[in-house]
Amino acid sequence: MQKISKSRLYELFDAIAAKQSLYIPTDREAGAAEYRKYESGMKLTKELNTVRSAKDFFFPQTENLADFKIEGKTIEVRDIREECEDFVIFGVRACDARSFTILDKVFLCEPVDSFYKNRRDHGTVITMACTRPAETCFCKTFGIDPTVPGGDVSCFDDGESIFFLANTEKGERFVESISSFLEDGDTDRLMEVQTRAREIMDKLPLAKLSTENFGGDKLNEYFNSDKWAELSEACLGCGTCTFVCPTCQCYDIKDFNTGHGIKRFRCWDSCMYSDFTKMAHGNPRLTQLERFRQRFMHKLVYFPANNDGEFGCVGCGRCLAKCPISMNIVKVMKALEAK
Amino acid sequence: MQRIGVFVCHCGTNIAATVDVKAVAEALGHEAGVVIAQDYQYMCSESGQELVKSAIREQKLTGVVICSCSPRMHENTFRKAAASAGLNPYLVEVANIREQCSWIHKDIATATEKAIILGKAAVAKVALNTPLTSMESPVVKRALVIGGGIAGIQTALDIAEAGFDVDIVEKNPTIGGKMAQIDKTFPTLDCAACILTPKMVEASQNERITIHSFSEVEDVKGFVGNFTVKIKKKARFVDETKCTGCGLCTEKCPMKKVPNEFNMGLDNRSAIYIPFAQAVPKVATIDPNYCMMLKTGKCGVCSKVCSAGAIDYKQQDTIIEQQYGAIVVATGFNPIKLDKYDEFAYNQCPDVVTSLELERLMNAAGPNGGTLLRPSDKTHPHTIVFVQCVGSRCDDEKGKPYCSKICCMYTAKHAMLIREKYPDTEVYVFYIDVRTPGKNFDEFYRRAVEQYNVHYIKGMVGKVTPKSDGKIDVQASDLLANEQLHINADMVVLAAAIEPDKTARPLATMLTTQMDTNDFFTEAHPKLRPVESATAGIFLSGACQGPKDIPETVAQGSAAAAKAIGLLCKNSITCNPCTAHSDELMCNGCSSCEKVCPYGAITYIDKEFRMPDRTTKIRRVASVNPAVCQGCGACTVACPSGAMDLSGFSNSQIMAEVDAICK
Amino acid sequence: MQEAMIKRAKELLADGSVDRVIGWKRGEFAYDITPAVFTTAEELDRDFVCDDFTAANVSKYLVKETQKEGKILAFLKPCDTYSFNQLVKEHRIDREKVYVIGIEGGPKLDIEKIKAKGITGILSVKNEDYTLKIETIYGTQTMPFYEAILGKCASCKSKKHVVFDELIGEDGDVLDSNRFEMVEKLENMTAQERFDFWRDQLSKCIRCNACRNVCPACTCENCVFDNPKSGIDNKAPADSFEENMFHIIRAFHVAGRCTDCGECSRVCPQHIPLHLLNRKFIKDINELYGEYQAGADTTSRAPLNTYDKNDCEPSVVHERGVE
Amino acid sequence: MQVNENFEPVIVAFCCNWCSYAGADLSGTNRLNYPTNVKIIRVPCSCRVNPMFILRAFQKGADGVIICGCHPGDCHYTSGNYFTRRRITLLYSMLDFLGIERNRTRLEWVSAAEGAKFAATMQQFTEDVKALGPNRRLEDLRCRKQ
Amino acid sequence: MNKNLKEQVLRSSGVNVLKCMRCGKCSATCPSYDEMEYHPHQFVYMVEKGDIGTLMKSESIYKCLTCFACVERCPRGVEPAKVVEAVRLAAVRQQGGNRLEPTDIPALLDEDLPQQAIVTAMRKYAK
């Protein structure tokens, strides 16, 4: 496999950034990492993952769809779509990489979401294998091996070097483009690191969590479960879990009156919000219990039902860390299973 | 779909000279929702209004915007026009392109641009207007007159005459006010007391008039047609119902060294006193600052001599509460204090007096029994100097910037009376201008000059110096002769400026009426509504609104009465429909709005709501009484959830205006 | 203390004094505590927890709980009692339906501060004589207790319970806290520095509404930001909306009502120091209109719902600090 | 700071119906000039002005916002302007705390008799805002004029 | 009428002569009235008319004691003494020389002359 010495990594970043936008996870403050556009001098975070997921790159929180210019009594519609420029995201974890395939299922099926596709086509995802998973990690539950992270190019850290492995055509093109920085290296050390990481994965507190009791056929079993009342009781109805989630893909379309026109934009919505999917007749899910149930039923039942058994969760653990009242999918799964 | 009509007024050239009205109409015609935009010479004229009315009918307008003068001027005119054409009057908005545009700007291009923006804001607002219907609120058929001078008496008599109950609140022990202190009146020189006291008696005998003398207004709540007023009856330590006014107590009272305010402190009265012989009510009052019994507990003479048993040393202030439909303010005036005018030696020399003091000195009931004597040595003065404009037309902090209006005439009167009674006296009047507009006024002044040989000198007195021989040196300019004069005078009379009574300011606050910078009450319109305040149901009578002589005061008193009667005649009045209302679904029942409501218009009710999960829930929600709400909007901001909104000035309407201006 | 609380809760449930108990329920890890309502002794024995991580203020839940039938026992820390009182004052909580047991307050721990030290794979956290012993998948780690306490506890304003029916443990005093230090520091910066500071902080906002939804002062039936009729509704971070509208209006809406419980900053996933906005209002109110502590009682008038004729003019802003 | 000579600020003035709006009318009646930049919105009382309106104005591109009401003690509704004073003081202090230029906001008491004061105040305020330049810190970029 | 001179006097005095309503109180109060050819109220009026040359030539400008009695007494806040001072200043500026040399002063001193008068004289007569 081809590798680069870690001491030359930033040199490589400089070279990539000279040609296209490069985003890397970096520390905003101690304990809080985020993706930022790479500039010389910027350092990779030591955190396992970013606070917000990487989905923003393809599905940003707000995005303009169209402009309406209003002058007196005339309205002119303006198509503001532009071809996106190429960009590279470095350091995506296996869970977030998987989340893109989940989002793809939503946005790239017919009718294709041109805004999403535009970004997806132009973005190269370079993942990074995990070596030190956290207690909140449960990607294994969803069949993800964080030591083999996926994306267009997988990267592996053996402590001294970073190894590059192209997974897609786009990935191959990328590896080719940086070949001058790469050299062949042996992977013995890397195998060791991988083995150690897999051992840790098996010892994680949530290692035993399984999806076997969930799936598209479980609608009737869980929909009217009496557990929902207790589980949703403390829910504040905020959108933290949805907004840090790499797979939540619901959005709302809103108009903003600028005084001289309308900007029609879409923005992330949260099924936890009281006005989620509010329609002319009112709101289909009137209580927090229903809204809470919607989120977890969607991830654990409805999504697999519509997507060949694929669950709407990648076990990144962000919601476990960020929910203000520490209610999360793991607790829901365990409570529902307990019968 | 909105169908808005825009009407742009030229106001002759008032607007059209600086605003291109055609361009305004043209621009606003392009606004969304506008179906007709016209300009016209005078929108407020009969034919202008007809234009609006026919457009409403023909174009089936849902909203009307008039770009014209201030809505304070003609909003009602256009609302009425709209109503007569079948459009709810509250679907009319006025864009103020005269007072707030054409009159203040000179450049046509920028003024036109601004007028268009103001018009757009009005269009944006009117698109969100909702039809409003006025509520009716009952009128309490009783009036309150605050102040018992000639203005208040006249007003009260006229209201009573029309058949309504009326209360007079007078802070002094008797009604009568300043006029009771005046000796003769100009320009007829008839005796003030002779024409005033019959009116005082008439007021006291009229069964519809209740006089609360020695009383003050403590608190005013409510609104037009339904004021609740707290009146404090100050303890006078004499039972008004028992006292016969025989005056024996005042004779026997051992404490006789009390400065007599009725005679401007020129002589003394007793601690128990009746201000003057014709006082109404003719009831004694004990001055607690001087009464030995009240101060030390030793005396009690008055109690012993009073055969009616009216003396009550234990009397307390009492508060009476009464509802009124209308309130007339008649708090009158006072001469200003002359402490700051050292140059006139008013505080140093007893023979330098104010004109009101001179009135008392010359009055038969005054300290000298009507003989004009110098206060210092009780000798007859031979040379008297009058100084006009003392503190009037003076725009520094010592005086008043306005003309006190009455001084020229009463000074002429004084000069004339002195010359007539004491022809051996030389009288000088120093003036800046002599102002005598008024029926028979200039003739009166000319008589003083021509017939009575009063020396009118154009120029001001610069310095008054009391001399060791008892004479007074008056140093002055004679501007026409271009010389500086020194007059060896015996007396100097200062025509002090007049100012509103000190009680007027706190009263204005209670009544929520406006005052000008000089503390005169501001009338609703300087020309067209001179006796009404801007606050509905509050009327203005006499000098509290501005300097006035007696005939003007009486005229205004009657005018205010007529306005009050007009209100009291109605069984109910139409309330302003621009009131607050709460959206129960959003109300938290937190009580914030109730805390900031100045009228107590908000109460809370427990209301049952159907919950989303089909259960019911009882929640506490605010409820606004639209008859009590005056529409200030304080509650709308106090409300965190935005449940409270104000009709006519809703959040969305104001934000639409903001947006239109900012875009 | 946890045992005493469970014991007392069971007694009160048993004798019918209360029908439910609100407290905290243990989670998957050492720190992921969820506020919960308990109805049986078994549930209490199994799940009830009160430890260094039970920081959540349960007062706001009582708005909903007191709309239900029956009486509920609430365990309130000193800071929670202020929120409770304020909600009683605003008629949001039916005082009659709550039995309040005052319990000792913090300092409580902030798991994010432990994680920020690079400690990961946390299995347990023990306080051993004010040193935290943290067992992780990667071995045992230690850190000083006080370095891991919540920001809101570090500037605790009061150990006094302003309302309770009974107490477990001792009642404390109102503290002479340093809570305005950071506000003062900001006040002494230049306007540009202040602007940069806040732009940096507020631009992190992802509009998850956690701050609003956890806030005991934000109990509106329908928040203006969710209500299209308000004219300022907005769902997601849009150009400068959070910086220029959301956080300012939210702070203003709770001005004079905020008890400074610090929950907003505790729950912010982006670590925005939102409490500083509220504290600025509190500091201004204290300085301009006299000391006022929201929630200290249930009768006094909120500073924005009253006035003094001699109040200062807004120009006072120009006379202070630096621009 | 760079001052753009051609910069014409948008200034929103909220005036209470009873004092300040009448004061503005009086300055018109007396033909007292003040800049066209000032556009007046009539509200029943200064206490009707919700901080939302002020922020909304800045969001939509206003460069300055001034609120005018009756003098304290003279409120047509007795106490409205006292509440205004507290609310607006706190709001302005908060805006200052957030680093917003102090001179972009003002509260002024103008009676119905003070036409001259109204004109002078607007003149001064416009100049102050002009000196600050366009509102960049509170605007919404989406609303900026193209 | 010398417009520039008028403007100069108005500017240097800072006085709005239009505020005068011709009451003459300034002259009535002036201790130097008899010494003066033109009196304080005339100063104000003549400045208003622009007749400044006449005033500059008049000895009156040196008779004013700058006692400010007129300023104190004027009901309109016109401040005539400042007008006199401004005219004097205009004269001093135009004449191009001091009215008195410092060496002249000792001869003019007498024992009763207040200190302030000497200082005033220096200010008034020197450039």
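As written, the chain order gives the labels A, B, C, D and E, with residue 1 at the start of each chain.
Following the convention adopted for this analysis, a residue touches a chain if its C-beta (ideal position, glycine included) is under 8 Å from a C-beta of that chain, and two chains touch if they have at least 3 such contacts.
Not measured: the values here are computed from a predicted model.
Traced through touching neighbours, the fewest hops from chain A to chain C number 1. Averaging Cα atoms per chain gives one point for each, and the point farthest from that of chain C is the centre of E. Put simply, the chain closest to the centre of the protein, by Cα centroids, is D. Across B-D and C-D, it is B-D that has more C-beta pairs touching. Once the centre of each chain is set as its mean CA position, chain C and chain D turn out to be 36 Å apart.
Here the spacing of chain A and chain D, counted between their Cα centres, is 46 Å.
A separation of 45 Å divides the Cα centre of chain D from that of chain E. Counting only residues that touch two or more partner chains, chain C has 224, 230-231, 238, 304-305. Of all residues in chain A, those touching 2 or more other chains are 256, 258-260, listed in ascending order.
Chain B has residues 596, 638, 651, 655, 659, 662-663 in contact with two or more other chains. Touching pairs of chains, sorted by label, consist of A-B, A-C, A-D, B-C, B-D, B-E, C-D.
In the complex of the two chains, the chain B residues touching chain E come out as 343, 389, 393-396, 398-399, 432-433, 458-463, 475-479, 482, 484. The residues of chain D lying in touch with chain B in their complex are 10, 12, 17-19, 21-22, 24-29, 31-34, 36, 39-45, 47-53, 56-57, 60-62, 70, 73-80, 83, 87, 111-114, 119, 143, 145. Residues 70-73, 257-260, 283, 286-287 of chain A touch chain B in their complex.
Contacts from chain B toward chain D in the complex involve residues 70-73, 96, 98-101, 103-107, 110-111, 113-114, 117-118, 121, 508-509, 512, 514-517, 522, 534-535, 578, 596, 598-599, 630-634, 636-638, 646, 649, 651, 654-655, 657-659, 661-663.
Those residues of chain D lying in contact with chain A across their complex are 60-61, 140, 142-143, 145-146.
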